[in-house]
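Next up, some structures in structure tokens.
Here chain A shows up in two complexes: once beside chain B, once beside chain C.
== the complex of A and B ==
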């Protein structure tokens, strides 16, 4: 009997909503564009992770190109948040370019091999860029515990801590405002900025740790530690759409090995 | 002369290191989430330097240490079987949900790095939490991360590059995650924020007169 009040409504809000440098339009968009009907977070997660196995087999540029094209066809229809996806994709492209340059410089200056290195990274990153914006963290916890039967207590603890992201983000802003008021603002060189961020992070960590004591007592008072039956925020159904998406993921894991 | 009874600090042998109290679970989880935010912030600045990363050669491994710190800190603070692994994986999940350049592959890195960090504490049977153990934890986390990157990031690179990269990664893991994590844990204990945990109580006991 470890159901926490409002767990559902609290966790439903995407943690990204808390962070000031993520544009709020992105949040609105991901909230408005719902998860593709009938597809749960585990299948989406599988579709993000399984292609990594396929990436191990990408050692030539043409394999990578066909692979990335296949990924777009197989998973593109599931994307719902173009802004969010494009942003993640831009990060991924930068990473891919960077690895291509180092592979060229420090790997014998083979163009094909360098392009393959970039496409290997794209093959890993593309599914996540398409699908991460539609994965709901709260549902993920429910599904991990009820479908995959991961140990319940760590999963709940992780979900509880994830809910804390909102207040941690708020805490971060408050500490920074206090530092600014004391003349310890974030201006100055890279080293000072880094030092400022590090001490802010430390203060936030201390505050978060102090909270855990009372949260733990509250949870144990509701039987969290000694529960024999546990209730969850929501059901975790597995539908045909999940099977389809998982099969697509398996296909993408196999494809580069077969080419 | 009056005598007072001083309660000795509880040691990890008081109960099996595999049994978790709720506060320990939550502490590990909170460490994971806070470092997930830190990782995400770090990855944003990291992404801004692709050119530098590309040409700096194997030395690029030197900037990898911060990715390993959640596991070391959770292992030192919580002292339970799986604490380092749990926090490192959760930190990876959180940073992925916020958006990193590697997508969910970040979580694979989290798993192998967390396993490496965990291994160091396991070698000492979850009984020793000194700075050399922390340094070993950081080093093994780096080795874990390297094993995964061998198959994804490093194919096509010269062997010398790979070995140099491993060395830089491990060095960064020892200094930033290991010794840095140990110093961070000591600083946390001094604030009293982890007094409910053995790591905090030991520090309180040491400082008691």
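== the complex of A and C ==
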């Protein structure tokens, strides 16, 4: 995405006169549709999924190490959100460690084999950790519908749902704020915290479900219920960068097989 | 809910729909849009015809703006959100962006199309939702309190936009509003729904008001030209701050009233992230000073997005300031091993709940229980207060706020205005020292408005310190509140 205009001061200090901020049509379209890396979501998705095929060929630690190194080199430059990537990676590392430990303990105590098992997981997880934070739901929807010609209604529903996942974090914060103000917040001992988290989760679930109902009504009120076909406000171009990233993905799928 | 309501609305007519809080106005509006079947409970009979055909068979002819604007957000950016309806109508891309830009300009929306929707305030989201409805140029436009969360200037802007857009296209319009005055010369017809969900008045606005003004006012309709209603005060014992061991301020003259919470040079920034970008830093507050004083009310005003809700959250101990200090009076601060903890955002939940109370702007996320009565009792129970005494207070407060008959209902099934009153009751019942209220009068009719402010004023004169974010200037006057006007996060 093109950088938001003067990013630091964008929100509160944006000029408020109505004439200043009517954007030119072109800017509006491009602003809604470029990813920071300039790579479209389908190529990114491909680069996330293709290496899974290569993971099957990782039978020794050195293959895995070279593979993971190659992934970092090939895809690292596309990552834009280090914090998000690290969070996802943490889950991957946790999974890899537990696989390694159990392979070591129950699989005959072969160090190389358990390292390979761990690296196989990392080989699958790393591309997604690097790239999924870069994929924007709206843009993915544009491309799925216009490039892959998937049916419009499920695509829109999925996009709205993906955006909802984002908003669940915010909802969690709001619910917790309200519970904290009412003396029902998360503090005290472990048991109380656990119980509090469960109630918060339940409240978030209820709010999310009710919101989903209202959102469905709001979407229908804007003609979604009746639309069998629709147009897309965002374009879905395929650029040379997309081909490059897709080739990198194919390369990562083949690499472990060739070693 | 609604009983045998029949209306025939000729094309191009502009109808104002009024009635007491909880009468079923929003339900009627949803029914007119043909959307009652999808997400509701209860039984439905009757039909809605548009141009002689069932409304469900003629999609796209009726546009609806919901009361809760947050639920209507369907996209990550402002532009894509407004474009949503146009996409469904098969409008070509170039035309989409042209129309998005023009409707954003027409509604005075202050941000460009690539602005994240997650970074909008409540009032801004409401304007976004309106833009999303107006852009479709539907034949019939149904609006549910389109200006309820807006300051007077933005509300005027929105009214002008609605007038202009509907007059230009001859749109048929039905609008739910509590405040009739600004729309009177624009509307052709006033329809009033009574407390039991029945039709009580119908006709040209001025005629209806002249003929039945007094009886409508008694039912809670904001009849224009009448003086602000007298506040319905409650017995002080019901709302008196009751923290054990804390000196109440009886006998203190208002001038000498003590500050229980002081905010100095508060700055709050936060990130609104768009998935896939690093996010935008938002400065919500910048160098703001404020104080909560016993027996005083502080009204935080300013346009939507100015930082009102954030300041209320800081004073409520729910938001840690990025810079600056928020500190409580020494005797209010809970003890720690190393002395007293005066920063409210460091307090434990029970400590906070016993000292301060907060009513959020979005009521739904504030609900913590499954019945109205349990909702009001939740904090008292968490604090281990005496059940009999607390439940007596709870029932009396529910009575005062017109919710007693809903005691066993689910808080989620209440109307917007009722939910807000419920959370006020839940905030008052255990006698907190400080009351932090975010838009407490939104969605209230004449009678419930008087009840809401009556409860607040009673708590205030019984010794509580009050701060409220509001754009309701009559409420500011009624509470004799000190004013703090925010503009772009700074005191103006």
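Quick notes on this structure:
Everything below uses one rule, namely that the second predicted complex is superposed on the first by the 180 of 259 C-alpha atoms of A that agree within 3 Å, B and C clash if a C-alpha of one lies under 4 Å from a C-alpha of the other, contacts with A are read in each partner's own complex, and residues count from 1 in each chain.
Just so we're on the same page, contacts are C-beta pairs under 8 Å (C-beta built on N, C-alpha and C of every residue); 3 or more make two chains touch, one makes a residue touch a chain.
From a predicted model like this one, the values you see are computed outputs, not experimental measurements.
Using the contact criterion defined above for the overlaid structures, shared-chain residue A:216 touches chain B and also reaches chain C.
When the two complexes are overlaid on their common chain A, residue A:49 makes contact with chain B while staying clear of chain C. Judged by the touch definition given at the top, the superposed model places A:101 against chain B, while chain C stays out of reach.
Residue contacts after overlaying the shared chain place A:125 against chain B, while chain C stays out of touching range. In the superposition on chain A, no contact is made by A:85 with either chain B or chain C. In the superposed pair of complexes, A:158 makes contact with chain B only, with no contact to chain C. In the superposition on chain A, A:137 contacts both chain B and chain C.
Using the contact criterion defined above for the overlaid structures, shared-chain residue A:227 touches chain C, although it does not reach chain B. Look at A:235: by the touch rule set out above, it reaches chain C but stays clear of chain B. Contacts of chain A with chain B, set against its contacts with chain C after fitting on chain A, overlap at residues 14, 16, 19, 22, 135, 137, 160, 162, 206, 210-211, 213, 215-216, 219-220, 224-225. Remark: chain A residues 1-2, 4-5, 7-14, 16, 18-19, 21-23, 25, 28-29, 31-32, 35-36, 80-81, 133-139, 160, 162-163, 166-167, 170-171, 174-175, 177-188, 199, 203, 206-207, 210-211, 213-227, 229-235 touch chain C in the complex.
Touching chain B in their complex are the following residues of chain A: 14-16, 19, 22, 45, 48-49, 52, 55-56, 59, 84, 87-88, 91-92, 94-95, 97-103, 105-108, 110, 113-114, 116-117, 120-121, 124-129, 132, 135, 137, 153-154, 157-158, 160-162, 164-165, 168-169, 172, 197, 201-202, 204-206, 208-213, 215-216, 219-220, 224-225. Those residues of chain B whose C-beta lies close enough to touch chain A in the complex are 20-23, 25-34, 37-38, 40-41, 47, 50-51, 53-55, 57-58, 60, 82, 86, 90, 93-94, 96-105, 107-108, 151-153, 155-158, 161, 184, 187-188, 191, 193-194, 196.
Here chain C touches chain A in the complex through residues 30, 33, 35, 38-39, 59-60, 62-66, 68, 70-77, 79-80, 83-94, 96-98, 100-102, 104-105, 108-115, 118-119, 129, 132-133, 136, 272-278, 280-284, 286, 305, 313, 316-318, 348-350, 352-354, 356-358, 360, 362, 364-368, 378-379, 382-383, 412, 426, 488-489, going by the rule given at the top.
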